[in-house]
Amino acid sequence: MTLDVGVIGVGMIGQEHIRRLDGGPGGSRVVAVADADAQRAATVAGQLSAAKALASGDELIASDAVDAVVVTSWGPTHEPYVLACIAAGKPVFCEKPLATTQDACRRIVDAEVAAGRRGVQVGFNRRYDPAHRALKQAVDGGAIGAPLLVHCAHRNASVPGHYTRDMSIADTAIHEIDQLRWLLGQEIAAVQVHTPRKSSRGGELQDPLLVLFEMADGVLVDVEVSVNVHYGYEIRCEVSGETGTVELADTAPVRVRSAGVVAGLVPADWRERFTLSYDIELREWVDTVVAGRPTQGPSAWDGYAAQVVSDAALQSLHAGGRVSIELPPRPGLYAAPPAS
Amino acid sequence: MTLDVGVIGVGMIGQEHIRRLDGGPGGSRVVAVADADAQRAATVAGQLSAAKALASGDELIASDAVDAVVVTSWGPTHEPYVLACIAAGKPVFCEKPLATTQDACRRIVDAEVAAGRRGVQVGFNRRYDPAHRALKQAVDGGAIGAPLLVHCAHRNASVPGHYTRDMSIADTAIHEIDQLRWLLGQEIAAVQVHTPRKSSRGGELQDPLLVLFEMADGVLVDVEVSVNVHYGYEIRCEVSGETGTVELADTAPVRVRSAGVVAGLVPADWRERFTLSYDIELREWVDTVVAGRPTQGPSAWDGYAAQVVSDAALQSLHAGGRVSIELPPRPGLYAAPPAS
Amino acid sequence: MTLDVGVIGVGMIGQEHIRRLDGGPGGSRVVAVADADAQRAATVAGQLSAAKALASGDELIASDAVDAVVVTSWGPTHEPYVLACIAAGKPVFCEKPLATTQDACRRIVDAEVAAGRRGVQVGFNRRYDPAHRALKQAVDGGAIGAPLLVHCAHRNASVPGHYTRDMSIADTAIHEIDQLRWLLGQEIAAVQVHTPRKSSRGGELQDPLLVLFEMADGVLVDVEVSVNVHYGYEIRCEVSGETGTVELADTAPVRVRSAGVVAGLVPADWRERFTLSYDIELREWVDTVVAGRPTQGPSAWDGYAAQVVSDAALQSLHAGGRVSIELPPRPGLYAAPPAS
Amino acid sequence: MTLDVGVIGVGMIGQEHIRRLDGGPGGSRVVAVADADAQRAATVAGQLSAAKALASGDELIASDAVDAVVVTSWGPTHEPYVLACIAAGKPVFCEKPLATTQDACRRIVDAEVAAGRRGVQVGFNRRYDPAHRALKQAVDGGAIGAPLLVHCAHRNASVPGHYTRDMSIADTAIHEIDQLRWLLGQEIAAVQVHTPRKSSRGGELQDPLLVLFEMADGVLVDVEVSVNVHYGYEIRCEVSGETGTVELADTAPVRVRSAGVVAGLVPADWRERFTLSYDIELREWVDTVVAGRPTQGPSAWDGYAAQVVSDAALQSLHAGGRVSIELPPRPGLYAAPPAS
């Protein structure tokens, strides 16, 4: 069976997903696209063998030709599109953030709970990266004993001029927020953002940040968020447990000896580093939907919880100090601890 | 456009390829299968949404429903099937070996040259491994200067009971034979097989071997072939050039500290190590065929040349000494040096 | 010229130093020892070719036969012995801590300033570890741009039963306190100790700790202090700068492939990890003293500053919160920034 | 007790050894020097506190002031000096080669056997390198099962203009010859030298070489000898055994991330790489001599055996082909297998 997918929002990340979904692994194709820019929608549809450009996201969601929906439009539009998908009973894959406020995220959770079935998946791709999966497997398998501390670094070579201080949390550290909940199977109970000496490479931007997260069970996490490191793109993580540690290994496929050093290449950006994770993320989503199973990936609850933590971190960034986080009880629909 | 593929031979490797090709990346599906074991063909077809089990490989090749053919049947049947595909003007992906004798390989080359168009691709998957591609990119990009020496190791954790001494060359080292021709862009001019102290783990088997290859330009290569190393499956390669060296890096995605060591996992077998290379190999083959371009991967000439070198290595293994290799002139159809 | 050394305190670390100093590199020998346990002093002296056991540390310091003094006695005795050495005009190498209170350390600084010549060196051996020196060389040489963040881990396999919570700071993290001042050439301006989830392996002990240090120039440092990690002894440090990072590399001399992993040994304890640093530390001390130069290693000021920071960290550990640190002006005798 | 050492030949390596022995670890001092260049001997003696320049090596050996002798003079003089030390009953440490011909080496062996006590040690320093010792410990400890194959690389950044083809064997590969005998506890039974494509960086020099050694028990070893690799100095070795492998690890103390790579420094030359091995070599020699024990390091037999293998390798280099090696029976004085 082939899954017929409609894609709302065909900018860069939308087109990346279309490339993976049209004639994609497991049997999917893109049959409809919509975009605020109708011309762009038409152009993208024209490059596909079976896709029509529809006038709006709402029309796309309503279309009988569309089995499942991918939302990669502008953040503020996520909430209405996802709610419409829930109402229409169609599986929806929504890029992060699930919605731009925690209240909006909460409304999505409530609607899905009312519908009684998980159909929303949020695009936290890191859960699908083979190295991060091996990390979780080592932790869950007892290779290091109970986790006690985690050290992470999220480093970008550079960021565009419009990048703001708040984006260091809401767009960048949000990945660690979801990753930590998933990796450790715990909610985050408190957060504090520290502002070290500022890099001269980032202009006015407060860069880097050091973010401390306290997990519900007391595990303490420090995350370096650096977005102008110049040398490349790198994600690092080491979990210290009672009897050992596990860390992400170097990703360079070869080592070159020349000019006095032995060296491995560092990825230039997230696309290079995480290509495979996007492949797997969408393949597993298609497989799940085709099989008629409830989606298993990052849920609406995960999107909501990440937004709550992100807001708390922003509060700490703005006002200083440690911010406690209280989540409402997790609905039974999401009974399992955060897991992929 | 979707490529409709027929698969001849649905044993283990055949079923692996079917999994990748049916609803696969780039848009392919399996529409027909055939197998010497008709029951098995029927069973496999029954698990697919669009495939019929046909009575024979010849019928499959002749079928109008089949755009392109994958040959994963028993080695001795490769020659007639590939020749039939050439005659039918259909692209064919044939698992290694192209054929079981160099004469048979040569007949395939001659038929393809007579047909005037490259349509045969041989399943030397290592060219598609990202790490091997990075290795070649470093060499071709001048990172280490002109290559002078290469050191390789091909290690299997264990081999089945029916594995014979000759298979160390014809089934195992054949991968290095193709890889070296591709990596260095040179034919192999001579070979000598050395038999070191025998492992007690391999029973009667002469294991390991040390194979020396001399490339046409004088680059000297030593290959450790060990098929009972117990600790895991590993492929190693370092190229020493005039100003530096490049080597395959460790493949472990995480490093665990525990019990006195810091350790990374080694793959258990070739499936684990090379999964991604098979994905890419078949994706690129489908893309090329769908685009109507001549196939760019390992050619019939590559299959033939590898067989000639393999035969020479077997001669050295049986009789001792250094064996020179003379290839006939490369037909213009394969004018380019060995390349992916 | 041979340096004739007297050693006060001949317990484990004292005997280690004696082994290095008697007939040691650069030309030194141990001519006198003293210990609160007179019997132990006699036994140790009896094993040396040229040493006498003296009745007290004071007698040793006063002895004409002694050119320079090593103090490795019980912490509370450090202050009077070091003051006596200053009064006698004899160079003294004092194991950490310089003294057990910051007031006592301050009295030593004042006495040395009054004497007008640096003759006191404190046993912060990490400055002599070749890997830490390479780390500092990379930072100072501009390889990573201006430092912004540092991540450290100090891990012991286990600690003896009498080890207390305060020792995590005063005996263990004290090494990082000195190392950071030396590595970054900055005083520490504030400290906060966090207590994550407690390891079940440490009994009542609060283990691990996460200590945040703020350097005077805003560099932020997080230090994992874990003293029951079971897997081995390990010191880790990565400095993140404006254009790159530098970290301590693995120390294993060989890598073993076996049983599914590729692994390197982790040191069992600090003796194994830092043997070479002690060799170099004492060799350089002897060379400096023999040459009649003021001692260049960790100074009385360094011992004092470390004690002030350690006290602040203990205050944070006991009462919670961030503790600011105000040092008095650095006397001109120690004009240079912290350096080896 | 202090060991009073005389040093014959005070060129570069002689002065290096003097620096280590005068006031050196374990208690040694240099009391006499001699050199073909009397002026140089006087200058060097003048820089030491207790050394006299003597008129000749023979006078030095005969001097009652000299307990033990270090021979670092010109190779052709080694034989008479070592024989004189044996005759005088004085321990002698002789830099490699023991003598410049295998006959001369044999005469030394015969003289020492006649004397009935081991007093000659040859300067094969690699046995004292901690990484090589860890390699041997892994092999001997059974970590990889019985050894079957070894791969080595000996790479120099560059060589001086007077360096000749034969020196690739006699001065460079000689280190691997001794190392392999020691590491594997086996004599070398045959050797063949291969000449791959010549590096354009070495002028007329045939560089690199690939040398195959067959150990007496069938272990096969390939050694890359490259003396113009430009990128730095590096010694590599991997031993493949029945159940695993062990290899020398990278030596870089820190890893720097910058400009798109993560990199570790490679040593510039053998002095940088092997400093510690020389320290340990001489310390252990002094300790052994002071203790009055027969020397345990590389023996006269080891010097002789290495010379025989080196000569065989040169024969293969000049005339081509595999050269078998027959050693006479090992005298009982050297009954143990080659060991440190």
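By letter and in written order, the chains are A, B, C and D; residue numbering begins at 1 in each of them.
The rule we apply is simple: a contact is a pair of C-beta atoms (placed from the backbone, for glycine too) under 8 Å apart; a residue touches a chain by one contact, two chains touch by 3 or more.
Quick caveat, the model's predicted, so the values are computed rather than measured.
Asker: So which one's got more C-beta contacts, B-C or C-D?
Answerer: Higher C-beta contact count between the two pairs: C-D.
Asker: If I average the CA coordinates per chain, which chain comes out farthest from chain D?
Answerer: A
Asker: Rounded to a whole Å, what is the gap between the Cα centroids of chain B and chain C?
Answerer: The separation of the two C-alpha centroids amounts to 58 Å.
Asker: CA centre of chain B versus CA centre of chain D: separation in Å?
Answerer: Computed value for the inter-centroid distance: 45 Å.
Asker: At what distance in angstrom does the C-alpha mean of chain D lie from that of chain C?
Answerer: Spacing between the chain centres: roughly 37 Å.
Asker: Spell out, as numbers or ranges, the residues of chain A touching 2 or more other chains.
Answerer: Touching at least two other chains: 230-231, 243-245, 250, 252, 257-259, 264-265.
Asker: Which chain D residues qualify as touching chain A in the complex?
Answerer: Residue positions touching the partner: 230-232, 234, 250, 252, 257-266, 268.
Asker: List the residues on chain D that touch chain C in their complex, please.
Answerer: Residues 1-2, 22-29, 49, 130-131, 134-135, 138, 143-144, 243-250, 252-259, 264-265, 276 of chain D touch chain C in their complex.
Asker: Please output the residues of chain B touching chain D within their complex, sorted ascending.
Answerer: Counting only chain B, the residues touching chain D are 145-149, 151, 153, 155, 194, 196-201, 208, 210, 212, 214-215, 217-220, 222, 224, 226, 228-231, 240, 242-245.
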